[in-house]
Amino acid sequence: MGRAAVTRRPVVVLGVIGHDIHVVANRILAIGLAEHGFHAVNLGTNTEVDDFLDAARETGAAAVLVSSINGEGEQACAGFGARLAEAGLAEVVRYAGGNLVIGHRPSAEVERIFTGYGFHRVFHRPSDLTGMFTALRHDLGHVAA
Amino acid sequence: MSLPDRDARLTDPAALAAERDAVLGGSGLEPAAARDHLAGLPERRFASYAYRNRPGRPYLQPRGGFPSLAKQRLLTEALAEAGADFIPLTVDSHTRHNDYPAAARLLARGLAEDRDLLNGYPLISHGHLATRELYRQLDRPVSLRHGTPDARLLVETALAAGITEIEGGGLSYTLPYSDRYPLDRALGHWQYVDRLCALTGPAGLPVHRESFGPLTATLVPPVITVVVQLCELLLAAEQGVTSFAVSFGQTGSLEQDLAIARVLRATGSALLSRFGFAEVELRLVYHQWMGAFPDEPALAWQLIAVGALIGRLAGVDKVVVKTPDEATGLPSVASNAAAVRAVRYALELAPHSEGITSEVVEEEADLLASEVNQLLAHLFEHPAPTFLQSVYRCVLSGAIDVPFAPHRDNRAALVPDRAAGRQIRILDPGAVPISEEDQRRERKLLGSRLPADQPLWQRLLRDVRLLA
Amino acid sequence: MSLPDRDARLTDPAALAAERDAVLGGSGLEPAAARDHLAGLPERRFASYAYRNRPGRPYLQPRGGFPSLAKQRLLTEALAEAGADFIPLTVDSHTRHNDYPAAARLLARGLAEDRDLLNGYPLISHGHLATRELYRQLDRPVSLRHGTPDARLLVETALAAGITEIEGGGLSYTLPYSDRYPLDRALGHWQYVDRLCALTGPAGLPVHRESFGPLTATLVPPVITVVVQLCELLLAAEQGVTSFAVSFGQTGSLEQDLAIARVLRATGSALLSRFGFAEVELRLVYHQWMGAFPDEPALAWQLIAVGALIGRLAGVDKVVVKTPDEATGLPSVASNAAAVRAVRYALELAPHSEGITSEVVEEEADLLASEVNQLLAHLFEHPAPTFLQSVYRCVLSGAIDVPFAPHRDNRAALVPDRAAGRQIRILDPGAVPISEEDQRRERKLLGSRLPADQPLWQRLLRDVRLLA
Amino acid sequence: MGRAAVTRRPVVVLGVIGHDIHVVANRILAIGLAEHGFHAVNLGTNTEVDDFLDAARETGAAAVLVSSINGEGEQACAGFGARLAEAGLAEVVRYAGGNLVIGHRPSAEVERIFTGYGFHRVFHRPSDLTGMFTALRHDLGHVAA
């Protein structure tokens, strides 16, 4: 489960993908990750797939959280899982979250699309983050609080 | 001293022409195209003219931009029919970041797949001639809505398309709308845009400029909102702009909204006279709540109505309208038109109520005026060579600090918070020069902090989603 | 002189018992049933208790009544779950006019055809025992909403069913709600109801009474609204009622609503002390716009939100909620619950804003106080033997005149009109004793009349449908 | 068309049927009828079918306008045409208008029901009265303005 040693705080890379500048959730996520015992590596806004790959490789990240809020996600996140695998990072846990598509589309459809992109979990317009933190702990087998 | 000054005007015609050629290179847009097109438009297509003839109620203007010409035409007609006084052209985020190839690619793919793959109208991809056709029969002004550090080509195209109101500014379209675009370069590009707007309108019908007041729409203390607006007003006046709207976003506090409206108008007019820009016609625009919206339409309608009423009580010149789809995603044509009808109706529910005030409003206005004057004094007394340089250095020093701005140059040392009465307070000013006295007033008005009953991330999320 | 007086209390136990026997005859309801049932209810089921413990926001209460027990239970649960602080029991119009056979017949036929053939809950047909079951698990007060000149049996049944707030009064449930029910008889019946309410609640948990402020909801000048409320407050206090809410309907003018709230509370308290009823706990209730609603839900939501905000600014104790179905017909459970959620949300958008005022509000309050005091003086100086008789004769003489009242005894000489700022003005006072000075102020504030550009019927319809 | 002589102003009886006290539209209708050259006989609110029959017979009415706003109309107006016919008033023009049923039902269905009750024209929740006045003039062949 992830290349990071369990004792050391697992590294989680997060960022907002595309020409997206919505930073509020990103800042809150970064604080929450720290409070849940993770080491957050925050790429901030206006990121690209390669930024996530580089950061994941350099920091030995256990997980990558990709945020998209302005609707560009459906394009920007295509093939994300495959790109990670190519870079030898297939083991890294991948979440997508935010307002993942343009306009109003059924959540089930959005989840299908992003799961198809290779994300392990998809959080389309969740009103809270508690579920995600719990899932992350579970997926990284990390129990330290 | 670095006071706002006419001499800062980019008056060298050759230099401006050279830069324009560089900007327009390859776009197929002739330098004189915009001027000629605007000269042929009827008065009612000019925002500056509309503002001079405002009826006894605020104007209202929705947002909206679809990738395809066909759908943008549908939206334009529906919004006009619903009673929008200004028609929006909201530009997509790729174009806002000058990634014109991505915008063109996704426009084409979207048209092929009959799907919207852009969150706005790709103005550069469509070009000025196709866009002009959207407005051939239009009897009211069109406003460019975007969020673009380098808007030079975008504005050249917009003016040539017959758009007569340009939103934005070097601070308000850089700090909240980009993470690393060099701020000094953006400020320079917006001097270009201001100069272009000053020169392109026909005599007596100037192109109108509007700054973006809401900034990050997240716990922005009124003093920051007001000072950013005044900076962009003065920077535009330096370049010869003569019709300008300062604006602000609904704060979540009725009293602070009334206080901001009063201080923003008064200080704006005073500064224009003080620095010899008395010819500038100053307007005030109010954005309905720009923060996280509630999911349920019934609740969203309540927030929209209260925003409309507050805009009316604050005596603003224009209200920018939100839709019940805000929390969900880009609004449908139908829900955008319904929002226009609803706000137009709500604005009539308290006609002639501009005299509304209270002790709390007077106190907020008094504190705000004091904070604004201190920050302006700091700006004007700055040793920088020009006013623009002073503005730039005040951002770097943290004297101007916008909470939740993604931009790397934003100091983010200012800690805001929200009092029980919903007023936005300054918990820690960081490097923003606020007097000890005013810092004490801010903390007293904040009142006792709620006990940290939850982890910080949850308290922050709760604060930010206060009205969601 | 005919001043409100404790001696007017129906204290003769035998006489009251005799009348109760006559009223209860054949209903199967025992005289002690209500008292015993209320004595067993928890505090939180009492409106008077709830008002003493109001949190920092107005309470909110929807309307609603379906013919069948099953659907009324569904509505009750949905409204409680949506956050209604008071649960309504709205009675059908046959029962309101004591036509119990018609109510029973249409209840039965409706159940057979699985259709709603009544516009409310037929409380007499269902009886107190079945109705008690609706509220077995309820944790908040139930309010009786109806429009009934002779409500004696209805209120006996309601109290026995565990309802602890009784709306209505001799004037407010007769003039707008009937065309020829003898007004003096109705005033007497409401003395019976007031006396019953005064005697039936357990010690310290009095049954709460609420007058119906909106009257005909059509151009009712504030002085008439306020004086009718004060009459019913004093008539109830005479009978020993110790928990009473005066109320008023949204006028369509923010300023007049704020003025009415202030004058109604102040004059009510002053009169209670003046006439020795200081023990009465006085509350203030605000009805969202009671006139014609717009058809389109988006617009209806705007009117509902502005009503909620004004109620909050006026510092009222309870807001009575309208639904987006108002213009269409009786609301569905879903739309009624959505209206409760929406108003509960809207009420939080301006917490702690009770200090709001303006010059126009101060002027309206000053003029209103002057008009109210003159009409009260006329009432109190009336040569009638009792206060009730004075109230009755003042209606017959036209001193109290309710525009658009269907009742034959209503003089209908008072001509109201609406100023450009939406304030309701007195164009011609008819027989209402308003000083020359105040009449002059009313006409000045009305301003120039619009030219009669349309036939009278169309102008009247336009005025009445101003917010539709 | 109707027993009233054309020269004399045609008599129109109006009222609000059932335990219905909504008077505002009734008052406006009465004023409008007068302004359109009709002689309005206003029964006011809380009326019954017999009140309309008696008034129509006594005044030689050319038309009867029945208003129902509180939802009782569907019951109170049943068989209205037949009742008029029994009383020898089959010639009298009959309109029904207001908020004719309880709750929200399709207008077409409401119009069908009230036409079935014997009304010549049905105005369910009209937002204006111009149409009705025009129809009334046409139906009564009355041209005097």
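Letters A, B, C and D mark the chains in the order given here, with residues in each chain numbered from 1 onward.
Assume contacts are C-beta pairs under 8 Å (C-beta built on N, C-alpha and C of every residue); 3 or more make two chains touch, one makes a residue touch a chain.
It should be emphasised that the depicted structure is a prediction, and the values quoted were computed from it without experimental measurement.
J.: Could you tell me the distance, in whole angstrom, between the mean C-alpha positions of chain A and chain D?
T.: Roughly 69 Å, centre to centre.
J.: What is the distance, in whole Å, between the centres of chain B and chain D, each centre taken as the mean of its C-alpha atoms?
T.: It comes to 57 Å between the two C-alpha centres.
J.: At what distance in angstrom does the C-alpha mean of chain D lie from that of chain C?
T.: Going by mean C-alpha positions, chain C sits 31 Å from chain D.
J.: Just say which it is for the chain contacts: an open line, a closed ring, a star, complete, or other.
T.: line
J.: For this entry, which pairs of chains touch?
T.: A-B, B-C, C-D
J.: Of all residues in chain B, which touch chain C in the complex?
T.: 252, 254-255, 294, 296, 298-299, 301-306, 308-309, 324, 338-339, 341-343, 345-346, 349-353, 355-361, 420-422, 467
J.: Under the definition above, what is the set of chain B residues touching chain A in their complex?
T.: 93-94, 96-97, 99, 102, 106, 116-119, 147, 176-180, 216, 218, 295, 325, 327-330, 332, 404-406, 408, 455-458, 460-461, 464-465, 468
J.: In their complex, what parts of chain D are in touch with chain C?
T.: Per the stated touch rule, the residues are 18-21, 23-24, 27-29, 31-32, 35, 44-46, 70-72, 74-75, 99, 101-105, 125, 127-130.
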